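Each in structure tokens, the structures are laid out below.
One chain, subunit A, links the two complexes that follow: it is found with subunit B in the first and with subunit C in the second.
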Partner chain A sequence: MSSHSNPSTAATPLDLSKWRSLPTRLMLVGGILSLIGLLVPSYREQFSFSWLVSFMFFLSLCLGGWFMVLVHHLFDASWSVPIRRVTENLACQVRWMAVLFVPIALFAPRMYPWMELSANHTPDHALHAKGALLNIPTFYLASIFCFAVWWYYTTKLRFWSLEQDRTGSAECTNRMRMLAYFGVFAFAITLTLGVILWMKSLQHQWFSTMYGVYYFAGSVWLTIATVYVITLVLKRQGPLREVVQETQFYFLGSLLFAFTVFYAYIHFSQYFIIWNANIPEETFWYVLREKGSWWQIGLLIVFGHFFLPFLTLLRIDVKLSWLMIPLGVWAWLMHYVDLQFNIMPILHPDGFVLHWLDIGSFAFMAGFMARNFMKDFAAYPAYPQKDPRFAESMGVYVAPASKTPAAKVAGGAR
Partner chain B sequence: MSEVAIPPTLKIQAPPAELEREPLVLNERPPGWISDRITSVVEGKAPRWWWIGLSISVPLMVMLFCVLAYLISTGVGIYGNNQPIMWGWPIVNFVWWIGIGHAGTLISAILFLLRQKWRTAVNRAAEAMTIFAVMCAGIFPLIHIGRAWLGWWLFPIPNANSIWPQFRSPLMWDVFAVSTYFTVSLLFWYVGLVPDLAVMRDRSKTKIRKFLYGLFALGWTGSNRHWSNYEKAYLILAGLSTPLVLSVHSIVSLDFAVSQLPGWHTTIFPPYFVAGAVFSGFGMVLTLLIPLRRLCNLEEVITVRHIELMCKVTLAVGSIVGYAYGMEVFIAWYSGSPYEKFAFWNRAFGPYWWGYWTMIICNVVVPQFFWSKKVRTNMLVVWVLSIFVNIGMWFERFEIVITSLSREFLPSNWGYFIPTIWDILTFLGTFGLFFTLFLLFLRFLPMIAISEVKGVTPQADPHHPLGGAKPGGHH
Partner chain C sequence: MGETSKPYGIIAEFETAAAIMHAAEKVRDSGFRKWDVFTPFPVHGMDRAMGLKNSKVGWFSFIGGATGYTSGMLMIWYLNAVDYAIPIGGKPMFSPHGAFPPSYELTILLGAFGAIFGMLFLNRLPKLHHPLLKHERFKLATHDRFFVVIETGDPKFSETETRALLESAGSKHIELVED
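Right, the complex of A and B next:
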């Protein structure tokens, strides 16, 4: 393993002072570009679609973080204790996603063709069939519902986690578990609802039972890669130096590998079943994405989203090596390309176009989210201080409280 | 795990008593006790319950062979399959048994790769269950092809009668998926058995036992080199088995999903089938192991914690299955396709409504009881609920196959499926085959991986007070 495996031999912290202002600069540059897109009427359509792609990208990170917290509590995991504050803070950024949703809410009538059809009462069988869901009031109410649910669960989970830092009480663990029990259902329902309303309904005629799972798989994949890189940086810089071991990186790497395969499996299954049945009501979605340079983008997803990370992560030692950093960056690129592939063919049916507004909106949101994440991270302890599984996650044996009232560390490491 | 130096600034406390984990082997039992207790099932006198079980399962198995003989000599017309339901019980039973055959390799391979130590107490029996379930499953497509003696035509044997299999048919993919899965699962099971077969050889008191266990133990001595090679082989087979676990039921799902039939053609089928398979597999593992841990006096090795963890997995995959059911119904509505809408309306309120609601209650409602720790720790309740899971998963396959075929696009082509006595006897007979093989396994092979369990005892941790390391000493 590389130098980050052992705190005693960990490399010295990097000088990141130059990078400290990067989020603000990204926000500033991205904000100006986005503002131009917002204000100049001829760019408004491009702006709204570029914004949607970036919005769905960062929403992936928040929901992925929430999912990792939920799974941690549901399975009473120990290995993920030292990184839980990272995922909790990532999940809590979802409250800002509600703010970032405002431009989408404003421009929705321009982006979603069904809204125009609905407003004009144009006869449309697909819309007629989906009318109970795809109508303007429901769109906004469902969006508010999703954000409310996300805000409630992510805030509450972090609240009890921080409370346990103070009290060390088992009650906090029980509360978090209870939130996870109901939260996992809320997660499945709201993620599916959100992705149907905001992405799938861009082509409201199309349907696929897999679509919610598809977005979920890509989102968790991206989140794991991101959490790996963040954890690595935080270990090197100090906040997680004492608590993150090789185990955490190994498991994150293994999960990234698993979700690399899972995403490919889900995407392939959806494509293959639609292709093989060859029903026009379904195939038109992929036909559009095989036109012009979208075909090459599709191939890039096949090779870049699956084969490259799959072959790279096959080796055990890669999961613990410096290669994980470029792979993390690659995961960001691939997930962004994947979202472009899903959203942008509506606006650019002839092929992939990387517009400056794509870069602008992405830069703004990246800066905005990074700033808020860092602010949150600085405000609270870097890892759960008194989690009951802390000893287990560190690989130390502690005599059970039931056997020795004055519990103490009985030995060194395994 | 790497060596960890705990900085003095870090305060690590024991978990509160109510959140302590139960050890994987109770009462700090020594290694010798573990060997004695597990091998006692094989070495001792066959208990009465074993003979009672065998006296039920063997006649059922014999009945299966008789039914199969009658079927082969007469033809598949003895079954209830008829236009429009040409896929009747045989395919339902095939998918059900194949699903059950998913838990073993999942426990052995995926949980091994995820370093889940609790798997050690249950993996051996679950793998055996997998192999026997796949054998039961394999019978159905073979007899359903009509001329079972020509089953070898399914394999791509060059130039045999100038016949080449139809590779575009998902049923052909099944042949390769299931046979590969069976082969690798068998190998995986056998490799895991080798150290324990050597234990059995060394403990044998009769020459014939010593010879046979010795033969299959492949000269195992327990040397470092043997262990090193064993660990490598086991890891490679775990890596190979993992995609196979997922691929088999995905391919089975494609039997349906690649068609255009309402209720079958849906993109979520592959992960939904895999989740369903794991769900039913864990259901059957619970059904088998809960009584066995009691009957074989293995409650200290297959602990309540093991059962609880399996309940949690069952709940997780059961909830995924519930999500898939919900998505199917939602997209049937969302698609705007009248055929899709009708297919699901027909499932819930058509002539097979009883099957649909049995499925929903058993697969969606019942697993939700596992949220409660009280339920998870009550062995009788878990056992009863696991049987509901088995029943529910059979009805799921029944609903998918029968309802979609019975009322497809043309009302003039609608029908109603009624199984014949031969359908029922064949299905019952496979239980005979399954339980006969399982009971024989219990008597002749150690049902728990002895060497693996020893490695997960609390005292196997060198820092445990009963472990080898001295306080503050080198580790």
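Right, the complex of A and C next:
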């Protein structure tokens, strides 16, 4: 049917068995490196910042997955039914992020300068004004609140989805829809809260009303690219072979394109408003990020996070081509660089440094999250089994039971 | 006048979206070039059933957008930095950040112009008259009927064979359309 050359149409599954142990190995190597950073006092500061960057990276994937589930229910979408189990399982990994948050909770008093000011009762003017949120009890309580909300919504959404696999009841769809309705508000509030507390308050004097949206745009961008690649692998390997079709890949590609532009729009707006107003209370954040090689990193974000994917995705046929795989890898790299740009200039104001603890903590979390995701994915059916919109997502029309001609029903009964 | 001139084409009527899809696939596979399908609503997958390639409008839009962005940047640079320098807030005379919002809006404007005028140009619109508009039953194309029209100008057109093809596709109502 298709004239496009989609890599997913290749018939033979790839032999991925030799990659099976990769997550465990990553976890092991990364775990050892991180442990050294944790235990050796001179590395502890670098470790806590490296850990924060990796933590925010994998949090992006979990929250992005949750967002895709929410949007699926809010729009009553049919196309995303076959990929929903992927995003549901991705979202549910957020419970492990609570575990990975422990080192940040422990080292927070050294990472966030405002905590020291707050503890010594010597707040500067900015901290005095922002004290309602930026105080030590609120920091921990709000963090617990975020994880609790995320755990509740992600597990509930998957619970009702799995319940529908069993019963096929429309009630489950209604439940998920209500969860999505309240969930999207919870999503916006908690994501903003989390990113303000954990990333933005590293420089508590700074102002930006875009910051939550900024992290959200980058996170969903990363997640769409990741879901594309995961779905492609699952289609080739079998579990989603019959159910995922060109439509799903095309729409994921289009969404990726949209979020490429959306991210650029948000980041440019943040920069432009600060540049234009030219007030020292705001500009210092970007001034720090123009020092040393951070200048080049900033340009890399402009051209690599926006221009390259934008120009690549502009053509309609790219969204179904092999180019989407290198683009997925590129999205991981760019989002990581973006988070480095946000977090690391505080520790390394002279320029970008790729420390072995960056690689260690990232490898550990990548292995840990991949293992957990694969375990979850293998434990449940690979796609929603009895979703009312399933046939529609496959492009098949099924007449509703109420429209079956009465005579035929009567005839059948006789 | 109508009796002596060559007819415009042959029109075949279908009753369902599925029927018109199959008919379109048949006509496409027979290698016709000058033909079209008319439906009361967009039928998904029709572009493939007709063997249509991706529209070229995108190129007009792209060129329009690129022109808009470049001319916006050049205009602001020339006006504010060269022709009549205006120092504002200690900022450079020209900065791509400051010039970006208007250039971006010009990108959208000229991109949209490219799309609409490119579409009109490729469709050879506006057109004051079309032979199909005289055809009585063709009005149903905006109601509940589906039509395939094959022009006599198509190199593969033959009145008897084309009629037979459309009949075999399941049309019960086939007529010639006057020019």
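Rule of thumb we're sticking to: the second predicted complex is superposed on the first by the 393 of 414 C-alpha atoms of A that agree within 3 Å, B and C clash if a C-alpha of one lies under 4 Å from a C-alpha of the other, contacts with A are read in each partner's own complex, and residues count from 1 in each chain.
Here is the rule we use: a residue touches a chain if its C-beta (ideal position, glycine included) is under 8 Å from a C-beta of that chain, and two chains touch if they have at least 3 such contacts.
Please read these numbers as outputs of a predicted model, since none were measured by experiment.
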Q) On subunit A, do subunit B and subunit C fit together or clash when superposed? A) clash
Q | Which superposed partner A:243 touches (first subunit B, second subunit C, both, neither) | A | first
**Q.** Residue contacts with subunit A in the superposition, subunit B compared against subunit C
**A.** B
Q: Applying the touch criterion given at the start, work out whether A:306 contacts subunit B, subunit C, both or neither, answering first, second, both or neither.
A: neither
Q: Return first, second, both or neither, reflecting whether A:317 touches subunit B, subunit C, both chains, or no partner chain.
A: second
Q. For A:276, is the partner it touches subunit B (first), subunit C (second), both, or none of the two (neither)?
A. both
Q) Looking at the overlay, does A:184 come into contact with subunit B only (first), subunit C only (second), both, or neither? A) first
Q) Looking at the overlay, does A:198 come into contact with subunit B only (first), subunit C only (second), both, or neither? A) neither
Q: Could you tell me if A:125 is touching subunit B, subunit C, both of them or neither one (first, second, both, neither)?
A: first
Q | subunit C clash site on subunit B (candidates 25-33, 43-51 or 367-375) | A | 25-33
Q: Please write out, lowest number first, the residues of subunit A touched by both subunit B and subunit C across the two complexes.
A: 1, 272, 276
Q: Using the touch rule from the top, collect the residues of subunit C that touch subunit A in their complex.
A: 48, 54, 58, 62, 89-91, 97-98, 100-101
**Q.** Footprint of subunit C on subunit A - complex, ascending
**A.** 1, 3, 268, 271-272, 275-276, 278, 314, 316-317
Q: Sort out for me which residues of subunit A touch subunit B in the complex.
A: 1, 5-8, 74-75, 125-126, 128-130, 133, 168-170, 173, 181, 184-185, 188, 192, 196, 207-213, 242-243, 245-247, 254, 261, 265-266, 269-270, 272-274, 276-277, 279, 281, 386, 388-392, 394-402, 404, 407, 409-414
Q: Name, in rising order, each residue of subunit B that touches subunit A in their complex.
A: 1-7, 9-10, 12-21, 113-114, 243, 246, 250, 254, 257-260, 265-271, 312, 316, 319, 323-324, 327-328, 330-331, 333-337, 371, 461-465, 469, 471-472, 475
